[in-house]
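There are two complexes below, and they share subunit A, which is joined by subunit B in the first and by subunit C in the second.
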Partner chain A sequence: MITIGNLALYLALATSLYAVVASIYAAQAHRGEFVTSGERAAYATWGLISITTIVMLHALVTNDFSIKYVAAYTSTTLPVRFRLTALWGGMEGSLLFWTLILTTLTSLALFQNRYRNREMMPYVTATAATVTAFFVSLLVFLIPPFALLKFPPAEGTDLNPLLQNYWMQIHPPALYLGYVSWTIPFGFAIGALATGRLDDLWIRTSRRWCLMAWFFLSLGNLFGARWAYEVLGWGGYWAWDPVENAAFMPLLTGTAYLHSVMIQERKDMLKVWNMTLIILTFALTIFGTFLTRSGVISSVHSFTQSGLGPYFLTFLAFVLLISFGLVAFRIRELRPRHQLDSLLSRESAFLFNNLLFVGIAFATLWGTIFPVLSEWVRGVKITVGPPFFNRVNGPLAVALLLLMGIGPIIAWRRATFRNLVGNFVVPTALGLAVGTAGFACGMRSLSAILVVSFSAFVLYTIAAEFHSGARARGAMLQESYMSAILGLMRKNQRRYGGYVIHVGVVFMFLGVTMSSIYRTEELHTVKKGEQFTIDRYTLKYMDSENKEDSHMAQLIATLDVYENGKQITTLHPEKRFYKRPEQPATEVDMRSTMRDDLYVVLGSIDDQGVATFQAYVNPLVWWLWFGGVVLVIGTAIAAFPSKAATLHERARVTSTIRR
Partner chain B sequence: MSASRPRVSLLRAGNISTMKRELKFTLGIGIIVATVAFLVWTAVDQTKMYMITVAEYLDVGNSYAGNTLRIAGKVAAGTMKWNDTTNDLRFTLTDMDGRGTIEVHYRGLLPDMFAEDKKVVVEGPYASASPFEATALLTTCPSKYEAKANS
Partner chain C sequence: MSKRILVSVALLALLSVGTTIDVRAEMAASDVEEALTCQCGCGLTVHSCNHLECSFAVPTRKDIAESLARGETGEQIIDRYKLKYGEKVLSSPLPRGFNLLAWVAPYAGIFIIGTLMLLRFRRRSRQRTLEPPDETDGLQSSSPSSPELDRWRTQLQEEIEELKR
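This part shows the complex of A and B:
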């Protein structure tokens, strides 16, 4: 079996390299048969990587401890579902999994475009195959996944207990899908640059890929936050750790890109900017894998120093050089045909939104690599923590929130005085009223007041968009209000799906702001039968219990929770001591409501049964997760294939040609 | 391809209102860029922490007076004292290369991954007195890529 796995992997290197060479030759020499040949090589790479992955999964499930990787990340007592997910539990497996996703998506993109965009496709194949070849060569030459142990142990080291968790089963696949999917739009961008087809064809073709990449990257970030919140037990969900930042930065530039392409489609502007954004987004995904695997930046998540760093940096430099080289080559053709008409216009709202996104991405990058930079420049290693990121990104994000409200209601081209008065008076008044109400209710944090006030502003403008659209449509088509709203979304999925996503983002803003500003945190040491109070909750420590099995020992506390003198629930925070590998772990227990989360961590229980608890009350954090759900719904509305959208698109294309 | 050739832009016509508009945009973009730069600059200044080793702390620690430090080292074997009623943690932090030690005190929950002989980073303001009062303990979180290093 192992021989088959290795053989398939070596062959995959050959086929992916052949795909690169054949496709570029085909495009340069206009040899159609080599286009097909290159594409077939890309399909073959996918097949071969699938075989490699199946061999690895088989080894993981059957506990073949002669393989170093299997011995390091599984054990005979590990449930089968975690043996499967051990595929992304370690470096070799995770890169193999990465390559599997990449080749699968490449094949899908090639199949989807088998009759379309034929001119551009060889470059898409070549780009994707180059990236594939890079990852496969890492697996072949540097971190062979099937490396053997001379003396296979009887039992494996087992998967880290913190990763034996539901969220860790779905977080990495979502994140990897998000990272890897950006390769396809990037490939189309390279195709457009190489062929000189610089109209919005490549953007329209790769739009759904971008949306998918953006969606999974968002989900990956959210799942990671949720995992940190539930499993790590420090009361929060985001720590601005380099690993988190690595996943956050491409999401920022990717979001900027999704917005700015609308300007290119509409106004034929910002072409260089859009190219830059898609290149940066792809580069940041490679940079992210570099950050998480090189050990260059020390992180709370520690990584093995793998020595892969220089290879990733070289590849990154290669990607940037080729991409920006092509942009420079086409720079004359990328010049805009129009100009922005007025500072007070929707176009400039988009422009400023883009600058803010990129600003946040830049600040995040700066803070992440600052230790390395300062060591180079000044010889001292200076690091910045969460306060840095909050201080910089907080104000920028609040400005973005405001723009999210302004964007949909300010007129295209040039906002007239009438447009401003007509659309802005009511939402602005509402925003001010909500802000004032917040202040009257005792809010004293400027950020919190701004966020609630802007949130009200944004939500009102979105509701107004739906309302006016539905009323107009209802009157015209004699439809009921509800069916008009549904029709509206069907007819213009992108716009209304986008609005729904905005609603989700507002909820997240509220959740993040309130839970970080108004969080209460208390440490209490209590005897059995004693109680303590946090915020409006009273917690009574009732009992403790010891449990032990072959897998772990558990220390479980029982707390009765009272609110206004009435018992509302019982919480059981735990301390676990895993046996293999030997490691303590915290099991948080919480009561989550729309208003706030009561989050309790058991610190320790001594011989007399005296227990220490760390309790948190995190207001509105529920809305962060709920905002994620809304975001999923919004993306589904925006991306769901429909006849109306296809017809609409066709009509649009025809009208573009006529123009 | 001829379709993508740029039309004569208004800018080249030298129109005054166009120039005014361009200026406005340059100003708007400039303000955002400057704001980002200003925020980054001041935030670095206000939140920076110096990452040093135990040996560096012992040698030139006083040059960091008034700053927050992150000192990396290892928890010396047999020195960890944990009082689970008062949540006081005391231990000796040794240099990774064995060049000196610092006494550390920390109050709070004992982090899961904190143990003797393990790498740890202590964070806190510089103080000339011993023990070093740590405001945070950064243990290496058992990330997925670490298991191999452990075994």
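This part shows the complex of A and C:
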């Protein structure tokens, strides 16, 4: 089996390199047969990487400890589901998994475009195959996944206990899908630059890919936050760790792109900017892999240190050089046909939104690399931690929230005074009223007051958009209010799907702000039968229980929770001790409601049964996760293929063929 | 108009930098804990360290509480830790010397790009006033308008563009 895995990997390197050469030659020499040949090589690469992955999964499930990777990340007592997810538990496996996703998506994109965009496709194939060849060459030459041990151990070291969690089964695949999917729009951008087809064809073709990449990157970040919340046991979900930042930065530039691309489609403006954003987003995904795998920056998420850093940096430099070289080559053709009419317009709101997104991305990048910079320049190690990022990015994020409300109601091209008064008076008044009510209710944090005010402003503007559209449609087509709303969403999925996503983002803003500013925490040491109070909850420590199996030992506490004298639930926070690797872990328990989360961590229980608990009350944090659900619904509305869009696309293809 | 906006952007940037840079006055224990990074390797601040029996965070929290009770200021406590462990114990760089760059650069970047955008817009606007009006520009809102009319214009324009595709 191992020989098959290795052979498939070596062949995958050969086919991916061939795909690059054949596709570039086909595009330059206009040789159709080489276009097909290049694409077939890309499909073959996918098949070969799939074989390699299956061999690795087989080795992980069957505990083939002769393979170094299997011995390092599994054990005989590890449940099978975690043996499968050990594929992304270590450096070699994670890069193999990355390559599998990349080749799968490349094959899907090639299949989807087998009759379309034929002029551009060789460059898309070449771009995706170049990225594939880079990753496969790392696996072949530097970190072979099937490296063998001279003396296979009887038992494996096992998977890091922190990774033995449900969220870790879905967080990395979602995140990798998000990261890797950006390769396809990037490939189309390179195709557009290389062929000179700089109209919005490449944008329309790659629109769903961008949405998919953005969606999975958002989900990946959210799943990661949820994992941190449930597993790390510090009551929070985001610590501005370099690896979290690495996943956050492409999400920011990608979101900026999804907004600014609308201006290019409508106004034929911002072509250079959009190219820059898509290149930066892709480059940031490579930079993210570099951060996680180079060991340059210390992080709790990092894989073991390796010598991969220089290779990633070289590849990154190559990507930037080629991409911006092509932009420079086409700079004249990328000039916009239209200009901004006024600074008081929806176009400029989009521009400022882009400025803020890129600003936050830059601030995050700057804060992430500043410790390295400081060490180079001054020779002094410093830390740039959460307080820095919160203080720098906080005001920018709040400004972004405000723009989210302004965007939908300011007029295109030029807003008149009447437009401003007519559209802004009510939401502004509502925002002020909500802010004032917050202050009257005891809110004293300026950030919190601004966020609730702006949230009310944004939610009103979105509701007003739905309402006025439904009213107009209902009157015109004699539809009921609900049918009119559904009709509106069907007719313009992208616009209304986008609004739904904005609602989700507002919920997230509220959840993050309130749970960060108004969190309550208490540390208590109690005997059995004693109780303690946090916020409006009373917790009574009832009992503790020991459990043990071949994989781990568990110490489970039982706490009855009372609110206003009435028992509302029982919590069971745990302390675990994993036997391989010998490592303790906490398993928090919580009671989650729309109002707040009661979150309890078991610290220790001594021989006399005296237990220490750290308890938190996190207000409104439920809304962060619910915002994620709304975001999923919004993306589904925006991206789901509609009949109208299919007909429109069919008509476009037919007219192109006729021409 | 552009000048006023330019000045507003500059003021906003200055204000943001001003509010961003921490002024350490009357710090509570939690503020001091947040200002220090735990040295156990968790990557979190002393306040947030998730190890309930952490050999660094637990005694540090105790020391901070006792020191504040003794009358030591937050800044004095932080300086003491900085002297003992070096700058890496601070959770964010002090806004002095080279480290000032960490705080200023993001806002400076936004300010510079924002200014360039505005200057470019002004230049284009001037050029446009010298050019004849665009004949195809039928939807320019120069006629008397109302918010409702603007809305319909926008929708009309969007639908025309949709049909053109």
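The working rule: the second predicted complex is superposed on the first by the 643 of 659 C-alpha atoms of A that agree within 3 Å, B and C clash if a C-alpha of one lies under 4 Å from a C-alpha of the other, contacts with A are read in each partner's own complex, and residues count from 1 in each chain.
The definition used in the following text is that a contact is a pair of C-beta atoms (placed from the backbone, for glycine too) under 8 Å apart; a residue touches a chain by one contact, two chains touch by 3 or more.
On a predicted model such as this, the values are computed, not experimentally measured, just so you know.
The superposition on subunit A brings subunit B into a clash with subunit C. Using the contact criterion defined above for the overlaid structures, shared-chain residue A:157 touches subunit B, although it does not reach subunit C. Legend: residue contacts after superposition of the two complexes on their common chain; A:90 is shown touching subunit B, with no touch to subunit C.
Shared-chain residue A:429: touches no atom of subunit B or subunit C.
Looking at the shared chain after the overlay, A:366 reaches both subunit B and subunit C. Within the superposed three-chain model, A:388 lies in touch with subunit B and with subunit C [touch as defined at top].
In the superposition on chain A, contact is made by A:419 with subunit C only, not with subunit B. With both structures placed on the common chain, the touch criterion links A:335 to subunit B but leaves subunit C unconnected. Using the contact criterion defined above for the overlaid structures, shared-chain residue A:321 touches neither subunit B nor subunit C, since it reaches no partner. Contacts of A:80 after superposition on the shared chain: neither subunit B nor subunit C is touched. Counting contacts by the rule stated earlier, residues 232-233, 299-300, 339-340, 343, 351-352, 355-356, 359, 362-363, 366-367, 370, 380-385, 387-388, 391-392, 395-396, 523, 586, 601, 603-604, 612, 614 of subunit A appear in both its interface with subunit B and its interface with subunit C.
Those residues of subunit B that touch subunit A in the shared complex are 1, 3-7, 9-11, 18, 21, 24-25, 28-29, 32-33, 35-36, 39-40, 42-44, 46-52, 70, 84-87, 108-110, 112-113, 119, 138-151.
By the touch criterion stated above, subunit A contacts subunit B in their complex at residues 72-73, 88-91, 94, 157, 159-160, 162-163, 196, 198-199, 232-233, 243, 292-293, 299-304, 306, 332-333, 335-337, 339-343, 348, 351-352, 355-356, 359, 362-363, 366-367, 370-371, 380-385, 387-388, 391-392, 395-396, 523, 525, 581, 583-586, 601, 603-606, 610, 612, 614. Interface residues of subunit A, counted against subunit C in their complex, comprise 232-236, 239, 241, 266, 298-300, 339-340, 343, 351-352, 355-356, 358-359, 362-363, 366-367, 370, 374, 377-378, 380-388, 391-392, 395-396, 411-416, 418-419, 421-423, 468, 523, 586, 601, 603-604, 612, 614, 648, 652.
Taken in their complex, subunit C has these residues touching subunit A: 1-2, 5, 16, 19-22, 34-35, 37, 41-45, 48-50, 52-53, 86-93, 98-99, 101-103, 105-107, 109-110, 113-114, 117-118, 121, 124-125, 128, 139-141, 145-148, 150-151, 153-154, 157-158, 161, 165.
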